[in-house]
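Reading through the structure tokens given below for one structure.
Chain nomenclature is as follows: A, B and C, assigned in order of appearance, with residue numbering initiated at 1 for each chain independently.
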Amino acid sequence: MISIKNVSKWYGSFQVLADCSTEVAKGEVVVVCGPSGSGKSTIIKCVNALEPFQKGSITVEGISVGDPKTNLPKLRSRIGMVFQNFELFPHMTVTENLTLGQVKVLGRSSDEARQKGLKLLDRVGLLAHKDKYPGQLSGGQQQRVAIARALSMDPIAMLFDEPTSALDPEMINEVLDVMVELAKEGMTMMVVTHEMGFARKVAHRVIFMDAGRIVEDAKKEEFFGTPRSERAQLFLSKILHH
Amino acid sequence: MGYNWHWGILLEKEPGGTGIYLQYLIVGLGWSLATALAAWVIALVIGSLVGTLRTTPMPWVVRLGNLYVEIFRNIPLIVQMFLWFFVMPELLPKELGDWIKQMPPPWSSYIPAVLCLGIYTSVRIAEQVRAGIQSLPRGQGMAGTAMGLTAAQTYRYVILPQAFRILLPPITSEFMNVIKNSSVALTIGLLELTGRARAMQEFSFHVFEAFAAATVIYLLTNMVVVLGMRMLEKKVRVPGLIAAAGAPLAGH
Amino acid sequence: MDSGFDFDVIRRSWGYLFREGMTFTVTLTLLAMSGGIIFGTLLAMMRLSAFKPLSWLAGAYVNLMRSVPLVLVIFWFFFLVPYIGAWILREPNPIKVGAWMSAVITFTMFEAAYYAEIMRAGIQSVARGQVWSGYALGLNYWQTMGKIVLPQAFRNMLPVLLTQTIILFQDTSLVYVISATDFLGAASKVANRDYRLVEMYTFVAVVYFVVSYGLSTLVKRLQNRIAIIR
């Protein structure tokens, strides 16, 4: 469904992505990990064209992301994204956050959007907070609302950019639980994260990036069992001990 | 001290026939406010536009906006006033220039004053709008785009509503500034409050009563504006969202 | 009246404009800046002091100056200073004070209110720990302020102080209302004598623009230098 071929990206003269290639099939859950600065956040922002790239190609369900003729808002509406800092709109209630995209981008009626939004809100366990403002919610609650917001657009795939990195430890699990449910239901997911427990549980494949390159791209069992590259081994040994 | 105070002068009739001196001054306040309001509307419209455009990623648009801001920021207000009043009619095609020159007072002073003050203030508002928009976390714009909103939609539903709440305090204090700056229009013949206080001083020789009255009127106006702003702030406040207050910028 | 513009009038009056007019403007700016910053810093310290009456007094002064138009303040001091001078010198009648003296006093007193707010933010931006370590060493209030806090406050606020001075430079043009011969006043006199309003006022605008823009570019460069050092 998502096809990344030989993608390279530069910020000025600094190369952030070097010849990255991978595929994500429908229903697959792919975890992307690596040290900071490895380009893992950058590459998923390239998938929904939040970041441009200079070389290579990315296609989502056959639609080329880099093609200037592509209708980007339409493409983005089909891919859900969850940010490290939640990025809920603080001046709108939870319900309004959930319905904005549906009404303005997908053209649904506000009743339809509301119904859908509240259903998803219930699914993440936060229906009681529908009229609250994001500033009144905890980090974990905000992130769950953010996931519901992305799901309300009925996306074909979901991108997660370090969804739990900004959360206090006791709130990480409530968010990971929602993501595990989503994976079990067959959503295509690309998740940038350090949470290897999550990867072990639901990932199909794990990609390890370092200095802008995809160094390892293997099935979960292989990756955790016998990673081939030294760099990946080093990284794993460091993070699996916390 | 050698000065004879006579507060009763305020209740005596002024020679021009408007009524008592106090009335004369209050009418001046009316002109100050009329000038300020009209100028402020112009300033808000142009300033918001220029300020927003300066946050877009299109370089030539940003450069144009910067040019506009730099020109009107680096010339003193009174000099701009003279340019609008004396120079502008001469630079227009003859018929238009003549028509402007034969406008009767007070419009001959009011209109240049409003245009001048409007553009002068729009520069300050443009700066504040730009700073306000840029103070928002980048992620907000990204979240809007990631959802599929177009750039215009992202500005309209995500960025500008938040920027508005951040900008409410500085923009309302700008309104107080416009009221104060309207006093400069006395140099082109507009009879607003300060100009009338000066006139009262010249007719009645009661210097300090005249200026004291004007001062008190400005202070009361200030209080009303500040109170109004606080009420507005309370009305649009979002629970949990605290607009950041920065260090004072230079200027008045 | 001729239909053409005669920009030669600028060349002919150049000496007068700059020797008389610009000198007035620049000197006034520098004097008001120095006096204003000193008095403003004093006001800021008063506002931040724990002694309530002092703090209230300084606050009232600053708020008063910021609520009233500069033109009105210029008139106030123009008429008030002769009386105050007489009171100080025990003269029976108001003493004669020219436009120059009146302007210097006005702008010092007025801009001090704005410098005060800047210095107040500057003083507050110096970490409390600095004050504590000064006291811990045994320094008294004035020593701590003078040697530790104020130098840092100044450095922090330098760009804002300079920007305020550029605004002060532009504000001095308002002495027009008391018929003082600053740069604008001088140009205005020439304009009215030779009936060359367009040329003279355009020239004034250009000169003010060049000077203000040049100075503010320098301030921006200074700001960038400071940012790098941090």
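Odds and ends about this structure:
One rule holds for everything that comes next: a contact is a pair of C-beta atoms (placed from the backbone, for glycine too) under 8 Å apart; a residue touches a chain by one contact, two chains touch by 3 or more.
Just so we're clear, the structure is a prediction, and the values are computed from it rather than from any experiment.
Counting hops only between chains that touch, subunit A reaches subunit B in a minimum of 1.
Relative to the centroid of every protein C-alpha atom shown, the closest chain centre, again from C-alpha atoms, is found for B.
Using the mean of the Cα atoms as each chain's centre, the chain most removed from subunit A is C. Contact analysis places B-C first among chain pairs (by count of C-beta pairs in contact).
With centres defined as mean CA coordinates, subunit B is found 47 Å away from subunit A.
Measuring from the averaged C-alpha position of subunit A to that of subunit C gives a distance of 55 Å.
Measuring from the averaged C-alpha position of subunit B to that of subunit C gives a distance of 21 Å. Counting partners per residue, subunit A has no residue that reaches two or more other chains.
Shared interface positions of subunit C, i.e. residues touching 2 or more other chains, are not present. Listed in rising order, the residues of subunit C touching subunit B in the complex are 64, 66-72, 75-76, 79-80, 83, 86-87, 92-94, 114, 117-118, 121, 125, 160-161, 163-164, 166-167, 170-171, 173-174, 176-177, 184, 197-198, 201-202, 204-205, 208-209, 212-213, 216. Subunit B meets subunit A in the complex at residues 137, 139-140, 142-150, 153, 157-158, 161-162, 165, 238-241. If you check the complex, the residues on subunit B that touch subunit C are 1-3, 70-71, 73-80, 82-83, 86-87, 90-91, 176, 180-184, 186-187, 194, 197-198, 201, 207-208, 211, 214-215, 218-219, 222, 247-252. Residue ranges of subunit A in contact with subunit B, taken from their complex: 48, 50, 73-79, 81, 83, 85, 87-91, 100-101, 104-106, 133-136, 149-150, 153.
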